[in-house]
Structure formats: C-alpha cells, structure tokens
Amino acid sequence: MEKRTEPAASPLLLAMRGIVKTFGRSVAVDGIDLDVPERAFLTLLGPSGCGKTTVLRMIAGFETPNAGEMRLDNTPLADVPPERRPVNTVFQSYALFPHLTVNDNVAFSLKLRGGVADIAVRVRRALDAVHMADFGQRYPHQLSGGQQQRVAVARSIIAEPRLLLLDEPLSALDRKMRGHLQIELKALQRRLGIAFVYVTHDQEEAFALSDIVVVMNKGRIAQKADPQTIYNRPADSFVADFIGNSTLVEGRVLERRGDAATIETALGAITAPAAEGLAAGDAAMLVIRPELLSTRGEGEATFTGSVSNCVFQGERSMIQAEVAGVPLRFAAETPYAVGTPVALWLDASRSFITRIAA
Amino acid sequence: MQCFTLNRRQMLGGLAAGAGLSLLGPMGRASAAVSEIVWATWDSNGHPEYVAAFEKVTGTKVKLSFLSSEDAQFAALKTGSASDWDIVNPSLNGSWRYIKAKVLKPLDLSKIPNLAHMYDVFKTTDKVKGEDGATYAIPYLWGLNPIVYRSDIHTEEPTYSTLFDPKFKGQLAMRDYALESIAIAALHIGIPRERAFLLTSDELVEVKKALIAQKPLLRTYWQTIGDLTNLFATGEVTAAFSWRVPYDALKDKMKVAMAKPKAGIMGWCDCFGIPANLSDEKVEIAYKFADYLLGADYASTIADIGNYATTSSIIRDKLSHEKQEAIFVDDLSVMQNFMWPVAPDNYSEWLKVWNEVKAA
Amino acid sequence: MMVRQRHLALPVAAAIVAGCLAPLAVLVAFSFYEVEDFDLVPAFSFRAWGELAVSSTDWFLIGKAVLSGLSATVFTAILGYPVALALTRLATSGKGLAIIVLLTPLYTGEIVRIYAWRIVLGGEGLVNTLLQGLGVIDEPLKFLLFSPFTIGLVLTYNNLPYMVLAIWVSAEMVDRRLIEAARDLGARPVDAFFRVIFPLTTPGLAAGSLTVFALAAGEMLTPSLLGGTSGSTAMALVDNLFGTAFDWPLASALALALLATLFLVASAMAGLLLRFKGARAVMGRV
Amino acid sequence: MRRASLCVLIVAAAFLYLPLVVLTAFSFNDSALMAFPLSGFTFEWYRELAQNDNFLKGFVTSFLISQPVGILAMLFGLMASLALTAPGFRWRGLFAVLLLIPFLVPKSVLSIAQAMIMSRIGFERGATALILAQSLVALPFATALISAVMVRLDPRLIEAARDLGASPWQAFLRVLLPQIRPALSGAYSVGVILSLADLTIAMFLAGRTQPLSLMVASEFRRELRPDLNAMQVVVLVLTAVLVGLSEAYRRRRLHKLAANA
C-alpha cells in the first residue's frame, strides 16, 4: 500500500476538543479530542456502544455535548442547529422520506433553500454519480436496499456539504453489495474531494476505505492512526483484540532494548517490537496475528501443540492449536484433523508487544 | 406482558361485577312491589326530605325521577319508554292529553281518604275527569311562577315587558320552553291574557318577531331551575321568568325579590296519576302515596322547605300568617287571577316557532 | 383451522347490525309514518320529509352541526399537533404518566365540567376577575360565556384529548431519523414539520378528525348550557321533536338527514386527508 | 428543544385541568353557591358526600356497569381485530366500514333510535340495555386499539409457533395474546372510561338503573350543590390513586422480571 500523507499536513476542517456527552448517568463520550483534515476519509471504528455514533450525531448537531468545543472551519458549532451546519449525514437505515419520490428526496435540501434554478439538473447529476439516474420517479419502498443506500448518498451530497457523515451506511447490505459500494464510496469521495467521517464496526471496511482510523472504546479514543499502524502496532490490548483475529498472550516485560522488548509469557520468552514507554517489569500483552504463524520454518519450531479446532473457509482453513494452554490461531491451506500434533514457527519481528488496556 | 397480572385481576373483577349485576336484576324486580316505587315528578316537588315520612311509615322507598318537561313526560308515557315510572305527574291543565291518550289508570277515590281536605276549587274541577266520568288524576300541589329579579338593580318591580327591555340587555333570561315563553311574548305585544294560549297563526308570526328581537337582550335560556339559580348567584342574570326556587335559595345571600306581573300570573298545579299499565301489586302503595301527598306530613314539609302549598287545607290553619302569605294561601282568591298554561291545539306550530326563534 | 379466524367477523357484524343498523332502519321506517292523536301510525307518507325539505331552520341547524364539527376539528388539530409532538419527545416512563394526565379530564362528568366552565368564564368568573384585577379590562368580557366563542372553546376542550391521542400514535410511528434527516438536509423545525412530520402523520390526523368531527357535531349539552341564545343544535331539535313535540316521523327524518350530512362531510374529509402522499406512503407500507 | 416541548405540555395540562382546579377549589369553598369570590375553607361538602348513600349507590352502579362494558368492548374488539387481520378475508373493507358506524352516528341519535326499537319490541330498558349500548359505542375504539397493534405484528411468529407444533388456539394463546395484552388492556380501559363518563346513552336507556352520571345530572337539575364537586374530586383522586398503584405495581414486576432474567 502507498504511504499516506500525515493527517496534520492537510488544513484542518473539524476540530473537537474535550468533548463529553452523557445520557442520564451513562457516559457515552468521555472527553475526546478529534481532528478531521480537509478531504480526509476518517473512520470511527469500535464495538457497538463505544460512542462512535454519538460523536457523529454531535457533529451533525442532533446531540449537544455536555462539555468541550467543536469548530468547523474554525467557527464554533455550539449554537448552530443541524440545518445550518454545512454537514450532511447518510443514515444507517437511509432515512429516505417514504412519501417522496427519489427525485424529491434528492432535491429536498435544494428545494428548502429556494431560489435554486437548476434543481433538476443537479438532481440528475447527483443520481448519476450513484448510478441511480433511471429511478427518479420511484418511491423508496420500490427500491432494493443497495439502491436506497445510493439514493441516500445522492441526497446528502447534492448540497455540496463540507463534511459528509456516514453512519454504518453499508451494514444492512449483503456482503457482495457491500464490497461494490465500498469501492464506489471511496471513488466518490476522491472525486468530490469532501471529507468523510464514517462510522463502522467492521474493521475490514474501515481499512479498505480510510485514510485515518479512530478506534473507540467506552467513550474514549483508543487509537487514532492510519490503517497499517493500527494493524501492525495496536496501541493497546483492546485495539489488538478488536482488530483481526489475533491471539493475545499476557506476560511481563523482561528487558527493553530500543524499539524492541523481551516478554515472558506462558509460551516462553519472546522478543518483538514493543509499544513506546513499556519498560522492564511492566505487565504487557504479546499480539500474535494468525499470518505470523507458519507450519513450515527454519530451525527449531517456536511452539509445538495439537490442533483443537478447525474451520474450513474455502481457499484456506482457520486452525486453532493448543500450546501450553494458550489457543493459537493460524491459517493453513488444508484442513487439519483435531488432535493432530503441529509445530509452529513465529515471525516474532512482525508481532508486537502492547499495553494492557485500562 | 407486564400488564398480565393487572389485566387478569381486572378481568376477574369485571366478571364478579357482571355476576353481581345479574343477581341485582331479578332481586330488584321481585321485591320492587314492596320495597320501592318510582315517582316521576318535578325537582321542586320531590326532595328526599319530602317523602321521608312516607318511607318511614310504609317501609317503601320512594325513588325520584326528575322530569325535564311536561311534554317529555307525556311522550315517555305514550311511547312506553317510561316503563320504570310507577307514579306520574301530569299538570292539571294538561291532564286531558293523558286521559285522551289512555295512558292513565282511572282512580278509585275511596282509597284516598285525605281527598276530604282538598280545597273546593280542586275538588270540583272536571279537568281531571274523562268522558266516562271517571277521575284520572288528583291535583296535589300548586303555585305560581313569578319573575324573580335582583331588587338592587331593578328599582321598579319588573313586568313581562321588562324581559323585552333593551335597558337590561345581557341580564335577562327566559326558560327554554315554548309554551310559557310564547305566552309571555304574546302578553308583551298586547294580546289579552284570555287568548295568550290560543294564538292564531298570524299572532304567532308577531310573537316570533318579538321573541327574535328579544334574543340579543337575553344572557341565555335557562334549562333547569338549578341552572337559573346558578345564573342569579353568579350575577349573570338580574331578572328572569322563573319558578320561586331561586328566590328561596338566594334571598338570604343577595337582594332578590319576586314579581307577580299584573298582565297575568302563570299558575301551575300538579297532579298525581298512575300509569295505565302499572302492575296491580304496586297500585295499593300508589294509592297510599296519593293519600300521603294530600296529608299533613307532605304539606308541612313542603310548605316549610319549598314554600309551596298543597291542594289540601289540612294544615292551613296551623300555619303562621307570614307563612300563609308566603305560600299564597292567605287569600285563596289569588287562584282566580292565574293563567293556567295549557297546550293549545296548534301546539306543534308553537314548538316550531320556538325552535325557529332559538335557531335564528 | 386458520380459515375460521375471519368468521369472528360474524358475531361482531351481527351486534352492529342489531344494535346500530336496525335502529337506524327503524328511523327510516318511522320517517314515513304518520302521527294521529299521539299515536304513531304506519303509513307511507312524505309529510315529514316534505316538511324537512322546506324547513330553513332544520337545514340551518344541520349546517351549524357540520360547522361546529369542522371548527372543533380544526382547532383541536392546531392545538393537538404541538402537544402530540411534545409527547413523542418524552422519555418512555413519562409517556405512561402523560397518557393518564391526558385522559383524566375525560373521566369527569360532563355536567359538572360545564358548570366549572361557567365559573371560569362568567361575568364575575375567574378570567374576568383576573383581567379586571390586572387592570387589563374595566368591564367584564361578556362574550366569554354564553356565546359561540364559548361553544367553540369548550368543544375544543372536550375533544382535544382524542385528537392528541390520534396524532400522537401516528407521530410515534414516524421514524425519528426522518426528522433528523430533514434537519440535516437544511430543514428548519417548521420546514421539517410541514414537509415530513405532517405528511407522515396524516393518517393519525384523519382518524383524530373523524373522531372529533363526529363527537363535536353530535354534542348538545355543551351548546345548550354554555352557548346562551346561540346554543340551539340539530341534536337538541331531534331530541325536542322526539320527546316534546311527539313528532317521531319528523324527528326520524331530521336525524337521518343530519346523519347523512355528517357521513358525507366525514367521508369527504377523510378522503381529502388520505389523498396526501404521506398517508399513502404510510398506509402502503402497512 | 426539550424546553419548548415541556412548555407546550405544561400549557396543555393547564388548559385541560383548569375546570378541574376550579371545581376542586369550590369543593372546599364554604358556601352552597358556586360563585366567586371564594368565601372560606370547609370540609362540609365532603362530610355531606360521605353521608349520602345515593351517591355511593350511584358510584357502585356506574362501576358495575362499566366492568362488563370494558370486557365486552375488549372481547368484541379482539374478535373484530382478528377478523380484520385474518388472511383472505374478502369482506374486509365492508367490515371496516361497518365497524365505523357506531362511532360516526351521534350517540344521542343512536340512543333515541335504540330506545324506539326497544319500546317496540318490548325489550326493557335498564342495566342490560345500557351495557349493550355502551359496549357498542366503545367497540370501534377498542377495535382500533387492538388492530393497530395486531397489524404491526410479524405474521411469521404465528407461523413459527405452528411450525413448532402449536395448534391455532395454542398459537393464539401463547404467541399472539402475550403480544397484544397491553392493547387488550387498553381496549378494556377505553370501554370502562367511556362507560363511566357517559351521560347521553344513560339518559335514554338507563331505565330504572341510576348510574352516577345520570344521578349527578338529575341533582343538578334541582340544585347546583358543592358536594357534587366534592364527589368529582373524590372520583378523580380515586382514579389517580388506582392508576398510580397499578403503575407502581407494573414497574415492580418489571424490576422483578429484569432481576430474574
């Protein structure tokens, strides 16, 4: 993958500082800082209930933060109602107006402004952009899920917002349709040059689309970085666990040397790159991603154990092997029978020692 | 789901209630002959206090069913929708309708000993007799309908024409009743009292005009006497064609007085009657009640509380002169001056006029 | 076995036919009868219908019934929308309480409530005393009581809960995100109301309107006790013809004419409201 | 936004409760006349009310009548709703129109017509007639309440139950009924409320039965008495207490359910 520009290099579009949002006694967003650069594709990633949708709704203006400040183009957003924010949203369920045709749905915001002369042309253009130009006369209930999704996108880009918010826009679609639309969305974002803030709980989707991924946990930002960094150097055990299919092994740092450290675990002492600030004596977590384990290697095998589970996935199989009581997952080209003894080689230089999440 | 228990309990309660009702029904009916009679009467003739003595002596409960108008009473009897009434209350002057329509039972006068005390004017009236010579109704209570007015506002005693005087715009009220209202308007436009209830179609047209012209002057039409009392008490109305009830209710609280217009005082006299289809087991107790109405207990309570006189002289001499004066029995010749409201032959025309006035 | 479910319509239909259609059919029959000497005589006479046809009073009162039904509908709708929408914003626990608060006034007896209004609106009543005390007016406002204003006010009061309930139920079914979507796309709250909420709640509005129209057009106690000299109603006239005048044929004819008129107006009203695109969208999905 | 909603609700409640506040005030007013100004505080009217057997009887009568009305409205509403949502019901439209009729005909016209037909066929007016007539008027409301919930139910749930071996009756009892129970409860309440508040039907059909509303109207005909205000206040408070208790009970059950789950 290409090396991405550092976020800070683009001019800043949206800045959030110290944002807190509570609902009754529960804290949904617990003091986050977030910057969205111009033209960025930023994804808020996290399990349900982590506060990502609340952040989106605060940006859109549907919720008011209890504390903190938001600025868009350096203008405070505090007293700006949703309709006056240059921000549009693509809702999870699309929220198409059931009583309006596709054309009327898309034209909604232009008609409200009044005095827009070329509404028909612009509606056509917006629908063209999502390949829905032939469906203008239909009502939402006459469209498939994917089609409704495209209309929702067309409706929210027609007014040329500064920032487009997308709340799990593809979650209701089947896998294939999701793949198509991911590519289209990404292309559309590049073409339009507007910043997208995208909410999802699907890490693959986040990685496929984003320039910046923000992983959230319990109302806080766990990590904010480009996809590769998130994947290779998860900031803590929460991120590591949430991303991919890794095995996390708890241990204690024996020794720190530059970027790397040696950690003592149930699997033995392993030396690997380590998170900044981890020092000898700290409790830490070794992250072993499936692709770092191999059944063929040079020299002595790192671990030996026996297969405890095997899931056939078509082009490969996902195997789980028990090693010193730790279940390790790895991929193999052929299925294994349960109970088969296996020897595994670990590419420790690509694994990572990270902090234990609070 | 959360409503389940509540719901079940409600349902059980309801079932029990239903069972209770079905028990009540037959029990109530079987024992009604002895335990209860229903008296359809005016709100001013029948208070629980007035019948307490009767209930005590006979052990029969008197249930009061208040009338809204004489016409409604007649219609209810005629259509059989009054099946719950055991004793009814035709007016002296309206009795002929009931008799002609055969909705009353001929009466056995020997079963009402107190008839002996009745004033002659009532004893001798043939208005309650049918063509067969039988008596169908017994007059028992009478009085007059005055104009009740606020004496602090009306310095002169009002006449019927006061009720048409623009000077008192927004302070006047008429009863929502065709018979009396039209007759009053007729007197106001100069039709002599003898013919006030015998208007021709042309005269009705004139009366209608007067009543429509009166409308803007009126605060409202009153529906029930409680309604009118409330209107006086709240200061909405200062003069109205009335019954005497508001005067008695309010005389200690505000300056109110009664006027008896010289153009013609509306008198009224109510009669006792038994519906033609009343079951035999109830007839006996009904006669007892008729005797009670002409007896001393009813006369003295209603003279005392309601300020009305019965048709019986039984207690007259025991009353103070003030009381005699208050209930107009000090000089019985007053009755000679009464106008007795009576439904005319072209009554439906009257009703039509009245409805047109109200809708105008 | 499932086939039997629709047969449950039979007892219900039978009950309505016996309890409702049969009496109305009797009205039709009676409207052709004659009255002789206080007796209803079977006949085939057009006397009542003829009299009704030329009676300007009767038609005036029928028109008045329609008008008061319509005005109560309009007023309750205008007042009902903000209340219903405010109710949708309550937390779930608050909604249970709100429905009780809304329905409790309906428990009170009609008559007692009517006299309470007299105390509120009378010449020496609450409102006038208050306004005079504040120096807003010198003379009591007489129009507050015993006027068409009073009828309008109290009919609105009596029927507001029904309208609120109907709109509320409908508004709860509108996906909140649609309103957010509208706001997001630049709609001010008032735009969001007219372009999204209103079209999508027209079925509720239609239900509420039918309820209020039928109830208000048929009221007779409130107008007669609070309307002063303008309190006459077609219903009171039917009652009068039935009870006082003993003219059952005319009473029946008038009642039927009133009914037919109310039916016509109600169906026109429902038809009009349900022609909105929103109603079709909502109904179409169900 | 929230504040605006709250303001609207407060103003609406003030409007709806204005007459009730006034009658409460006069129920404690030391004067037999319902007119301003208030003259003093007294419990006299409540005392009189407590001594008035008639009112108690009227209240019991009204209550006893309202219960079968609630139940009939609920049962017939349920039957009507089941029919309305039945698959392949050809007369659905016609049936729906039929259901609307008792509702669109003004109560007084209907009651007059019913009284006429009853006097012709010799059906005695009274509690039974009143219960039947009130149930008929409540039927459209009850049906609307129940079928509104029913049309939104997933028909697959019934199919799932049948698939798992339930007979239609069992499917109804175990799957449908639990889901529409709140609606049934609502239909029952509507029937009870309509019955308790009804005066018009009672005027024409009550016969010898004297429900509270009729008694109040009759008493008011003679005299406007403050103990009637007191009675209204008592009825209101009783209702509020009952509703409050059942709500508290419901919540406690919910808590219990949550705790057990």
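By written order: A, B, C and D. Residues from 1 in each chain.
One rule holds for everything that comes next: a residue touches a chain if its C-beta (ideal position, glycine included) is under 8 Å from a C-beta of that chain, and two chains touch if they have at least 3 such contacts.
Please read all numbers here as calculations on a predicted model, not as lab measurements.
Comparing the chain pairs A-C and B-D, the larger number of C-beta pairs in contact belongs to B-D. With centres computed as the average of Cα coordinates, no chain lies farther from subunit C than A.
One simple way to say how far apart two chains are is to compare their mean CA positions; for subunit A and subunit C this gives 55 Å. Chain centres here are Cα averages; for subunit B and subunit C they lie 34 Å apart. Rounded to whole angstrom, the centroid-to-centroid distance between subunit A and subunit B, based on C-alpha atoms, equals 86 Å. Looking at subunit C, residues 115, 118-119, 122, 124-125, 242 sit in touch with two or more other chains. Contact of a single residue of subunit B with at least two other chains is seen at positions 68, 227, 230, 234-235.
Interface note: chains touch in the pairs A-C, B-C, B-D, C-D. By the touch rule above, subunit B contacts subunit C in their complex via residues 68-69, 71-72, 74-76, 78, 97, 100-101, 170, 176, 178, 215-216, 218-221, 223, 227, 230, 234-236, 347-348, 351-352, 355-356, 358-359. Those residues of subunit B lying in contact with subunit D across their complex are 1-7, 10-11, 13-15, 17-18, 20-21, 24-25, 28, 38, 43-44, 47-48, 63-66, 68, 79-81, 83-84, 224-227, 229-230, 233-235, 249-250, 253.
Those residues of subunit D lying in contact with subunit B across their complex are 33-36, 54, 63-65, 67-68, 70-71, 115-116, 118-119, 124-128, 131, 178, 181-182, 184-185, 188, 204, 207-208, 210, 218-224, 246, 249-250, 253-254, 257. Every residue of subunit C that touches subunit D in the complex is listed here, in rising order: 1-9, 11-13, 15-17, 19-24, 26-27, 30, 79, 82-83, 85-87, 89-90, 96-98, 100-113, 115-120, 122, 124-126, 129, 157, 160-161, 164, 169, 207, 210-211, 214, 217-218, 220-221, 235, 238-239, 242, 248, 251, 255, 258-259, 262-263, 266, 286. The touching residues of subunit D, counted against subunit C in their complex, run 1-2, 4-6, 8-9, 12-13, 15-20, 22-23, 26, 34-37, 76, 79-80, 82-84, 86-89, 91, 95, 98-110, 112-114, 116-117, 120, 132-133, 136, 139, 144, 148, 151-152, 167-168, 193, 196-197, 199-200, 212-213, 216-217, 220, 224, 228-229, 232, 235-236, 239-240, 243, 247.
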